[in-house]
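In what follows, a structure is listed as structure tokens, so that the remarks can point back to it.
Naming follows writing order (A, B, C, D, E and F), and every chain is counted from residue 1.
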Amino acid sequence: MTRRYKFAASHRLHATALSEAENQRIYGKCNNPHGHGHNYEVLVTVAGPVNAATGMIANLSELDPFVTERVVEAFDHRNLNEEVEEFRDVVPTTENLCLEIFRRLKDFPAARVERVRVEETSKNSFEVTADES
Amino acid sequence: MTRRYKFAASHRLHATALSEAENQRIYGKCNNPHGHGHNYEVLVTVAGPVNAATGMIANLSELDPFVTERVVEAFDHRNLNEEVEEFRDVVPTTENLCLEIFRRLKDFPAARVERVRVEETSKNSFEVTADES
Amino acid sequence: MTRRYKFAASHRLHATALSEAENQRIYGKCNNPHGHGHNYEVLVTVAGPVNAATGMIANLSELDPFVTERVVEAFDHRNLNEEVEEFRDVVPTTENLCLEIFRRLKDFPAARVERVRVEETSKNSFEVTADES
Amino acid sequence: MTRRYKFAASHRLHATALSEAENQRIYGKCNNPHGHGHNYEVLVTVAGPVNAATGMIANLSELDPFVTERVVEAFDHRNLNEEVEEFRDVVPTTENLCLEIFRRLKDFPAARVERVRVEETSKNSFEVTADES
Amino acid sequence: MTRRYKFAASHRLHATALSEAENQRIYGKCNNPHGHGHNYEVLVTVAGPVNAATGMIANLSELDPFVTERVVEAFDHRNLNEEVEEFRDVVPTTENLCLEIFRRLKDFPAARVERVRVEETSKNSFEVTADES
Amino acid sequence: MTRRYKFAASHRLHATALSEAENQRIYGKCNNPHGHGHNYEVLVTVAGPVNAATGMIANLSELDPFVTERVVEAFDHRNLNEEVEEFRDVVPTTENLCLEIFRRLKDFPAARVERVRVEETSKNSFEVTADES
């Protein structure tokens, strides 16, 4: 089962370990010091057997508050660099954002979190699966 | 090759083995006795080698009537609980619907049916692959 | 400003003033007595001057609860024929649904409701504007 | 003819003429001091007679650089409050952003700019037409 | 009521009245002598009063065969320049294609054809309304 | 990471090894001698570890010119049968197009090309993964 969630956030791509020139070369306009933003879409896939009684893998009434609390409310209308602890020293690329979301969701109690995909724009998406993490 | 099909149907989520209170708790407004409905989209993936002469895995002129007869005509503009034999005693959750569609399609003669995905809304989808079934 | 809302509902197209044969001829499979359903999307357009202080035509914090209460909660996961008073004697075609939604929204106090569009499927939509109603 | 352009930017909704409490009440989480962001899509509609020789209203090879220079490059990967002159004292709501984009485009020499629509998210859009401005 | 239809076709933009150099300058890679193609989507809007008995503006069982015969079958999987009479001497820009589709549909007997919109790609669309034609 | 690219092209499905009658039977209207066209969308997935310093799998500033040169510029606004060497003797079905695109991209130096998906229309897509090729 795959469920879609959305949030809007801003970020700046800037690696503290790299020089100004390297940051500019690697991240281009994403390195703009004033930041920029995106409407992120997050697709969370949980897998497992279908419960014979309920006909469900997991109840959305459990998954929705879990993802909302751990991800949507934590990131929505935030500046990722300034307001999310994990991105103080880690560049908030969508790769790292995807890994962080997977980390926050992987202990969902009702079913195995199989995959997290983050769509940054209609052209770019990033995906992490349980096997890789 | 993945091909998209669509149908509109209504259903009610209600497990006969459960009490009224449990049904209400588990399915919430999906348990409404008058039913409700969705525009379902079904993505059927067939896999196999590309035929050297035709350049195709399978001809849509074979796949389309197969899926149309077994799935689209059987479910389109139907009430799944009342009009589909398999859902008389099985709750028509989208998980179960996806499994039933896979069962109806898996013996497609011209190529292996690799995956069936059912999109219930733009936010929810369910998928079954050949390995799991 | 146009804002999108969604709900899922079931309906049956059947005009009580017409014979069985006429109903069947006019509505085809939409006349199926067990009903069928759709994911409806409603686009509500409000118009007016942009408030110089707030930079807004109308605040979503006013529009959202207004539309949610009058339309989304009234129709979501409902059978339109059985559970919406106005469709007891009126066929719940999407044309009539669109007119009914416009009627329920037109006295929004904070801005003029200019247009209501209902998308029944990705192929069909219906629209009513303030001038026509 | 309608042509779609895209850019990503961040903004903060905060009216300097209003108190902190009023800002918080009106803009809610959009008032977050660290800002947040969106993928904006801009639909520019130009109208006019179809040129008999070329079969075109206006050549995209003229419209594209015009919009790219005046809008896309000016706003893409920017913080609207900090980096766009016009939003130093004007709240960068999408209403105001839409008006500003219209202002920047309305003297397109090759055809009349009929309408500018800005989609902030898949749920919200704002539109200004030549008659209103 | 707006209904969406689709067809795939190829075309070449080349005005016989213009020189090779002008054709190249105006149409760029669209002037490629071997042609290229698109998945066109056509949105046909019909307007009128809602029939009190049927709750419909016009029955899709009338509109669909009308548009299919006059437009979809005439253009689908065709080369517009070579196989559509009207484009022998008229450049098949999407502007001209839109006008031609409007011409073919405007005498629909059951309701007034208000607007025809042709989407050439997800970025470009063209629209003609009854008032302009 | 999955990145979306687009191009428009025309093609004709016709296998030189088959008779006229067989070509007509197998490809139907896709066998039309004048060709037809599509807006193709190509989704390129690259996989690998996230670089600790940059937070990226691969830099779009490397992937974009690589795909643009090898695929987009080679195919955009082209007739695949006439203008792409590899399709002189191979039918340009989307299966074969997908394989050809994978072949052109698989030696991307900065990360492993995991999957290529080609969307021919909103209903059909074709996919090849590194394991299969």
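Here, a residue touches a chain if its C-beta (ideal position, glycine included) is under 8 Å from a C-beta of that chain, and two chains touch if they have at least 3 such contacts.
Computed from a prediction, not measured in an experiment: that's the story for all the values here.
Asker: Since chain A and chain D share one sequence, what rotation angle in degrees maps the C-alpha trace of one onto the other, as a multiple of 5?
Answerer: 180
Asker: With over half of the numbers shared counting as same, classify the chain E/chain F interface as same or different.
Answerer: same
Asker: Please report how many Å separate the Cα centroid of chain C from that of chain E, as a whole number.
Answerer: Roughly 29 Å separates the two chain centres.
Asker: Cα centroid separation between chain B and chain E, in whole Å?
Answerer: Whole-Å distance between the two chain centres: 34.
Asker: Using the touch rule from the top of the page, what residues of chain A touch 2 or more other chains?
Answerer: Touching at least two other chains: 122.
Asker: Which label fits the chain touch graph of this model best, line, ring, star, complete or other?
Answerer: Chain contacts: none of line, ring, star or complete; other.
Asker: Taking all chains into account, which pairs touch?
Answerer: Chain-chain contacts present: A-B, A-D, A-F, B-C, B-F, C-D, C-E, D-E, E-F.
Asker: Please output the residues of chain C touching chain B within their complex, sorted ascending.
Answerer: So the residues of chain C in touch with chain B come to 6, 8-11, 29-30, 32, 34-39, 76-79, 82-83, 121-122.
Asker: Where on chain B does chain A make contact in their complex?
Answerer: The touching residues are 13, 15, 17-18, 26, 28, 90-93, 95-96, 99, 122-127.
Asker: Sort out for me which residues of chain B touch chain F in the complex.
Answerer: Per the touch definition, chain B meets chain F at residues 1-4, 50, 53-57, 59-61.
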